[in-house]
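Chain nomenclature is as follows: A, B, C, D, E and F, assigned in order of appearance, with residue numbering initiated at 1 for each chain independently.
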Amino acid sequence: MNNLPILFMFSLLACLNHAIELDFCVGDLSLPRGPEGYACKDPTNVTADDFVYTGFRGEKVTSSVFKNNITLAFVEAFPALNGLGISLARLDLGVGGVIPVHSHRTSEIIIVVKGTIIAGFMDQNNTAYYKQLEVGDVMIFPTAMLHFQVNAGSTPALAFVSLNSENPAVQLTTFSLFGGNLPAEIAQQITYLSHQEVMRMRGIFAKA
Amino acid sequence: MNNLPILFMFSLLACLNHAIELDFCVGDLSLPRGPEGYACKDPTNVTADDFVYTGFRGEKVTSSVFKNNITLAFVEAFPALNGLGISLARLDLGVGGVIPVHSHRTSEIIIVVKGTIIAGFMDQNNTAYYKQLEVGDVMIFPTAMLHFQVNAGSTPALAFVSLNSENPAVQLTTFSLFGGNLPAEIAQQITYLSHQEVMRMRGIFAKA
Amino acid sequence: MNNLPILFMFSLLACLNHAIELDFCVGDLSLPRGPEGYACKDPTNVTADDFVYTGFRGEKVTSSVFKNNITLAFVEAFPALNGLGISLARLDLGVGGVIPVHSHRTSEIIIVVKGTIIAGFMDQNNTAYYKQLEVGDVMIFPTAMLHFQVNAGSTPALAFVSLNSENPAVQLTTFSLFGGNLPAEIAQQITYLSHQEVMRMRGIFAKA
Amino acid sequence: MNNLPILFMFSLLACLNHAIELDFCVGDLSLPRGPEGYACKDPTNVTADDFVYTGFRGEKVTSSVFKNNITLAFVEAFPALNGLGISLARLDLGVGGVIPVHSHRTSEIIIVVKGTIIAGFMDQNNTAYYKQLEVGDVMIFPTAMLHFQVNAGSTPALAFVSLNSENPAVQLTTFSLFGGNLPAEIAQQITYLSHQEVMRMRGIFAKA
Amino acid sequence: MNNLPILFMFSLLACLNHAIELDFCVGDLSLPRGPEGYACKDPTNVTADDFVYTGFRGEKVTSSVFKNNITLAFVEAFPALNGLGISLARLDLGVGGVIPVHSHRTSEIIIVVKGTIIAGFMDQNNTAYYKQLEVGDVMIFPTAMLHFQVNAGSTPALAFVSLNSENPAVQLTTFSLFGGNLPAEIAQQITYLSHQEVMRMRGIFAKA
Amino acid sequence: MNNLPILFMFSLLACLNHAIELDFCVGDLSLPRGPEGYACKDPTNVTADDFVYTGFRGEKVTSSVFKNNITLAFVEAFPALNGLGISLARLDLGVGGVIPVHSHRTSEIIIVVKGTIIAGFMDQNNTAYYKQLEVGDVMIFPTAMLHFQVNAGSTPALAFVSLNSENPAVQLTTFSLFGGNLPAEIAQQITYLSHQEVMRMRGIFAKA
């Protein structure tokens, strides 16, 4: 009876041995990437540590003008997500803190862990769906819609958001319009903002 | 020899007869729709006319402030697109005309048919990629990125854009921020625009 | 100048008016569903409340043998997720608490909010990747792999998991084998467990 | 100890009770279908029989001109496939039997169970990849490419093919050109066949 | 006040700095490609020019037997499409010009810009859906179905087609059957064309 | 007339020449792979042989404890499947043979070719759907559900299964729990099996 298992492991595992594929593809950021993500790290070098991300530990400083701190566990910071279609971000909002209006290629779901947050999105009919969220509340922002989060309370707020791509993109609307190389004249034409306001915004958002 | 074909049609078509599925699903807008689109119109009532959309014919008036005219051949206007993952829009830009900054859930490809257009998009690093397009030029706007089109010439411009969804959404950024029910206070917080400018924009964009 | 905006809204919104599609499809659980989810609730009845789920509020009792409590914000409990490809669950683990080995159709990402959890998964080569997670740690469980979470500390633990489907399924392995209508004889054959152990497990897991 | 399991089942199953979604969606062919398939049969009426298709049993007659018999286990004949993305077909080829050139929306994989078959496909560079297959041989036909199977032996042949959609479509090229309502003049223009041959083909393929 | 923006840019952009992923993946045709497309060109070398294709400019000569000219803005000619799921083609049809019967892996949508075109497709029930299209008309050809375009007027015709893949394939039916290395005997068997006609077609379509 | 075809081939093929993309991507197992599969083998070296897999030929020995033999035509063994979304496996079951409980990332469809097999799956409500299959019977196992096959007859059984991925994974439940490096203590906690049984199972399944 004792040698049966050995036989059995031998034959069943042997037949599977040459056809066992990868169940994950931890990204190797040093190799060229394709449209669907990074090439896979050699699986013989993958350990449990690859599947754990510790960048959300501890307190986060919310010292910006928007009094926020965004920490992204997207594929570049957490290469084990490569190809798995999901990611996470930590949002810290100081008192008065704001995550400015932005969008992703994906849907987003938020869970509030501390504080009180007004969150919402606008759809293509310009209807805003927004609500005050308490600790434990969950809100869904449909795919690609403009959305935002604002600390509505008198204490810091903390939330986690999950997005259904490992590379969902974060396009901050006003940063895109005023914080890069888009000429002021075009920014004005495509927003209908006043020249004066466009210049003020560029003063704030443009890279020094 | 003559009766062979008859026999043959009988047996081959007969065996296929009860398992032939639909190759299309022309939307029936009167039935409840699901996340992937409309229920299918009864295929016995589908004719070649269902697959043709004529709403792009003729001249379009570009009388708005933005001096544009957007005609959408999306699934609601053209139900044969239901489930087929593609759509088309016609863009008319008068002299000085603009398609304001906006985004979709999808990619977009443009072909300029008349006139000269400056078109571009911003990525999440706030880099703007924009260029002057002449007749015959094609430009691609990557999935979900903010983008725009501006008539850069002294004559009206005409272009067609195709999007890889029959329901790609058109979210016009400034309309979403100022043209619907989003409170002015939130609009100000999430954009960093001045109170005065937010009120001015709402005056322009808000539905009368 | 004053009548310009009115003109402008008239022409631009008018042309969009008949082609504006849905950006979301809040599930109407009373209608027949299809393979991709529920039919959409009438959008004119959708409010911001539809996009918020409050079932994670407050404390959860962890009184089961496994000393856990699983609260699912999947599409049935939170119909706004319908078609949006993401969901969330709250895991409460009392001292000694366990989420038994299980699998989903999707990937899963976990964030630990309280306590200490040993979490892990096995791949098809029977390699287990497991690690002790502290507060703030994130772990990814690749698509469809067997995985588990165990409270490794001396205090209750709390975690949230997100899955990239609104209907990801939760198949608890031992419940499927011993808690339903699978005959004991087959359960024994397909697991190689002893007859005695199969009967003991069925005594525990079978519905009374 | 005895009442522990009862308690345990109560709490764990209770919390899951209202959030358990469907793992399958057996098609209800009497309800309207959408682009992704049929509405789901009420799951309380689903039994193991729904998941089994017996239409491939026994011998098949191959009496057509092409001396073949095609039996399709596609979603219409086997509604349990609805939404599951796979299907099967049985191919019987009498001596001299042929599956005429055709295409699908999907990939196809064939396994030869009896006899000898020459199978192949053409790619868009007009390269034909074809080979004689013996019992046990497997061949893959890439997505949407024209392909065919011909009995190359002196005995009947039997094969099964699987396709990665429950509704992959079978478009038989010459049937589409000559067996329906396409006018002869157009058929001639778009194929460059002679008028005489087009008329001969229509005589064979046209529905009596 | 002046140093606030600097502080703000520092903290918000800094935290995003190491997690900003690509929004596009302009194909690098010199690197190995995978099933989903080419590896990405180094994004630091990408400019606005990459996103613009000028190969549709000017007049096209329609001197072939089919009196057509097909210009493809598919991923090989326009590498910025890589991974973005859409492409474009320009169809020029001289008087009497024809785009012979063909198919793609995708859906196709056509917009007629000049002239009059009869376009259509056949479904798997051998029903042809065809119609005469005027300037401005749009037609949809469902996924993978055989379809065609014929100049129906007395002047040259021009149309653009968009397909929902950057690599949709163009399989010209008669070219695949007669223009490559498929043996005449097999071509005859799988089409039921006469031997004489197969030989005539090969004479026309075979590469010299 | 004779030189027309030459002219025609010249112009039509010439215009297509630089834009013809790949229709397949035979995996090159020596290159780095990405989340969607292997890099493509140089298409100029691809022949018909690449598309044919002969590893299912002949008789298979079923000498393991489970008296089975599983032969996988997955992408690693059959690289032409790369990117095509389908695969095949051959199941040989000796008298008393069993395919132990397992799961995939995909759906699976089975066709019984010899013998009698009891096959089934459990859903997340712990309902088992199982049935005795005769020669010619087809059964579908929904995506990611635990399932099994048992020889129910007095002769060897043979079946083929197809899965809608070229890399569907095979996770054998008891092998994952007891045959790898998962500590016995955790295995016990997450299954509720007795310590004694866990140790017995590890004795059987653990690699020597």
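Following the convention adopted for this analysis, a residue touches a chain if its C-beta (ideal position, glycine included) is under 8 Å from a C-beta of that chain, and two chains touch if they have at least 3 such contacts.
Predicted model, so just to flag it, every value in this text is computed and none were measured.
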Practice problem: Report same or different for the chain A and chain E interface, where same means the shared residue numbers exceed half of all residue numbers found there. | Solution: different
Quiz prompt | Candidate from E-F, D-E or A-C with the same interface as A-F, over half of contact pairs in common | solution = E-F
Quiz item: If you average the CA atoms of chain B and of chain D, how far apart do the two points sit, in angstrom?
Solution: 34
Practice problem: Round to the nearest whole Å and give the separation of the Cα centres of chain C and chain E. | Solution: 40
Practice problem: Spell out, as numbers or ranges, the residues of chain D touching 2 or more other chains. | Solution: 20-21, 23, 33-34, 36, 65-66, 84, 120, 123-125, 130, 143, 145, 169-170, 179, 204-205
Quiz item: Which chains touch, pair by pair?
Solution: A-B, A-C, A-E, A-F, B-C, B-D, B-E, C-D, C-F, D-E, D-F, E-F
Quiz item: Tell me, which parts of chain F touch chain E in their complex?
Solution: 4-13, 15-16, 18-23, 25, 28, 31, 33-34, 36-40, 82-84
Quiz prompt | Contact footprint of chain F on chain E as seen in their complex | solution = 32-36, 61, 63-66, 68-72, 74-77, 167, 169-170, 179, 203-205, 207-208
Practice problem: Mind listing the chain E positions that touch chain B in their complex? | Solution: 20-21, 23-24, 46-58, 73, 78, 80-81, 84-88, 106-109, 111, 113, 120-121, 123-125, 129-131, 133-143, 145, 160, 162-164
Quiz prompt | Residue ranges of chain D touching chain E (in the complex, touch as defined) | solution = 65-66, 98-101, 103-105, 118, 120, 122-128, 130, 143-146, 148, 150, 169-177, 179-183, 186, 189-194, 197, 200-201, 204-205
